[in-house]
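Notes for the one structure printed next.
Here the chain labels run A, B and C in written order, and each chain numbers its own residues starting at 1.
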Amino acid sequence: MIGNSPPINYIPIFIFIAVSLAFGIGTLVLSYFVQVRVNDPEKLSTYECGSEPISDARNPFPARYYIIAMLFVIFDVEVAFLYPWAVVFNKIGLFGLIEMIIFIALFLVAYVYAWKKGGLEWD
Amino acid sequence: MELGITILVTVLQIAAVLGVVLTHVAYLTYAERKILSDMQDRLGPMEVGPHGLLQPLADGLKLFFKEDIIPAGANKIIFSAAPILVLVPALIGFAVVPFGRDSLQIGAIEITPYITDINIGLLYILAFSSLGAYGILLGGWASNSKYSLLGGLRSAAQVISYELPLGLALVGPILLSESLSLTDMTVAQGGGIWRWFIVSQPVAFVIYMICAIAETNRLPFDLPEAESELVAGFFTEYSGMRFSFFFLAEYANMILVSCIAVVAFLGGWQAPLPALEFIPPIVWFLAKVYFLLFFYIWLRATVPRLRFDQLMAFGWKVMLPIALVNVLLTSIVKYFLNQWAEK
Amino acid sequence: MAAQLLFFYFGGVTIAGAIVAVTSRNIVYSALSLLVAFIHIAGIYVLLNAEFIAAVQILVYAGAILVLYLFVLMLFNPSEEKLYLHKQAKVGIFLGVVVLFMMLFAGYKTEIIGKGGPLTAQAVKEMGHTRVIGNALFTDYLFPFEVASLILLVAMFGAIVLAGRGVHRKKGPAGRIDLSYRDKLPKKSSETPEEVIVGR
């Protein structure tokens, strides 16, 4: 099944990803060998405006970030549905238009609900 | 044998594109400093070379030879991987950007003005640029510094929030060109400036530009690295080459989003008037990209920074609904125009 | 031949990434190896000419869902896990084996292999995968599509309800700064004025 029509267009992309990864890692490794390293505990300590760092930096942070990420996942899936629709828009005509209006209406319901419930607030 | 030659040509193309992009990144930093200093009535870099022209080279060399510090509490593996995770998505987007119209024919070998043309070009760029959030988030977390963690979180939240209206704004041009391929999109805008999608999609263009600035963490949306409150944001603890990767990625992203804006809204390599077609397409393409980049720098010199809650509210409560309504209106108008054209 | 090699590369890395994801002691490493696995799954889709699915795989799974995971992981401040395998591991392995056999059985029963509709890999490639998906989704599979949007709506309600506690957090009086952390700080020299410790 795979051999019938190989995705030739994508081979440059595979190569490009490999080349840029190699560029990134290669530069870091090269730089590692030419740089001068003098370690001392003060230099390696975490920056905190010059004072002694207090406690671990990885404190729990507000749940708000988590809510935003959750809303993002849901809306992202909805937006992903719009691309195939936009590409075949002329072919599917009125039918497709009405379908998408319903879809976007539901999207808006979800959006308004999230807004009303304070999911979009940031205090 | 033929496959070998094709792959060789591809590799050379990739090397050329990477070289051009990285040179542009270097000189974009120079241009930014020069333009900013001009706007602020000072000289900017003047020491290295005539008018400071060799400054980017000196900066690059300095960063290359500088010590890469891994702070004591950091997670070494993730701390080292994060800059690469930011840089790679910023670079590979250029694989599908069509820089010009004509292919170069040398004997039997055809060199196209793009590395490859895939059916989902735009989606490919969007997909990989959404991975940029990882490097920021992980870099901030791995540093084990409060500034870095806060900056990384803020930055990631900002990047994902503005990705939605950005994706929605691009649905407009996709509707009009009926393709996700950047080449098809450019061809669909041929024939003059009035055919460019900026004319029929001005709202989408404005949304795209604003979101693109937010996505690249540029002023006035550079909260994650707000110097006055978070020192340097998620790369506070980074130094040397790893620091320069974050820098490289930011500027490469700037160029990439400008390229997409040019292709999706400003006609790509098309000349604004048929009479001006004697100028090579690649010149038009570069001119438009340079204009947008100048616009970015201009904004930086002009607009003050937003507050973080304003920034998030703006993305979710203003940009998202406008982008959504724009998609709806565009599709309805397009449907009726199609009906009208058939009669 | 080259396609086969690529398939084994993508498949192998996907499996390796998935294994690291469930066995790693550090959950941030798990998330990273899951990212690697997701990207390589997209590679397998590309080999099947399913380019749209490949892009959505990266856009949604790698670019959105895994970012959510990372946020959650960081919210709970992960430290190195002491346990290599949890108590739930037995249940997980059992369920995994059951699902694997169900999938193998379904594949065996439905004769996917060898059966071809009008949309062969060749046809999909000529037409463009996004177009094929769009045509199918907005004509034949109209109902599932609208149901999908309803499911997303329900997911949104669920997300907001789940997050309810965070959303309705009580706000303190404006401008009041919580200074209770000062009691937890180690006492330094008594001469230090308190204003210096607090900030402004």
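As a convention for this text, contacts are C-beta pairs under 8 Å (C-beta built on N, C-alpha and C of every residue); 3 or more make two chains touch, one makes a residue touch a chain.
As the structure is a prediction and not an experimental result, all values here were calculated from the model.
Every chain gets a centre from its CA atoms, and the centre nearest the mean of all protein CA atoms is that of A. In terms of C-beta pairs in contact, the better-connected of the chain pairs B-C and A-C is A-C.
Taking each chain's centre as the average of its CA atoms, subunit A and subunit B sit 15 Å apart.
Computed from the mean C-alpha positions, the centre of subunit B lies at a distance of 25 Å from the centre of subunit C. The mean-CA centres of subunit A and subunit C are about 11 angstrom from one another, to the nearest whole unit. For subunit A, residues that reach two or more other chains under the stated contact definition are 10, 56, 58-59, 61, 65, 69, 71-72, 76, 83, 87-88, 107, 121, 123. Residues of subunit B found to touch two or more other chains are 118-119, 123-124, 141, 149, 153, 156, 160, 163, 180. For subunit C, residues that reach two or more other chains under the stated contact definition are 51-52, 56, 59, 63-64, 67, 71, 74, 128, 130.
The touching residues of subunit B, counted against subunit C in their complex, run 75, 77-78, 81, 118-120, 123-124, 126-128, 130-131, 133-134, 137-138, 141, 149, 153, 156, 160, 163, 180. Of all residues in subunit C, only 26, 28-29, 32, 35, 51-52, 54-56, 58-59, 62-64, 66-67, 70-71, 74, 128-130 touch subunit B in the complex they form.
Across the complex, subunit A is touched by residues 1-4, 6-7, 43, 46-49, 51-52, 56, 59-60, 63-65, 67-68, 71-72, 74-77, 120-122, 125, 128, 130-131, 133-135, 137-139, 142, 145-146, 148-150, 152-153, 155-157, 159-160, 162-169, 171, 185 of subunit C. Considering their complex, residues 7, 10-11, 13-15, 18, 64-73, 80, 83-84, 87-88, 91-92, 95-96, 115-119, 123-124, 141, 143-150, 153, 156-157, 160-161, 163-164, 167-168, 171, 174-175, 178-180, 231, 236-237, 240-242, 245, 308-309, 312-313, 316-317, 320-321, 324, 327-328, 331-332, 334-335, 338 of subunit B touch subunit A.
Contact residues of subunit A toward subunit B in the complex are 9-13, 15-17, 19-21, 23-25, 27-28, 30-32, 34-38, 41, 43-49, 53, 56-59, 61, 65, 68-69, 71-72, 75-76, 79, 82-83, 86-90, 93-94, 97, 100-101, 104, 107-108, 111, 115, 120-123.
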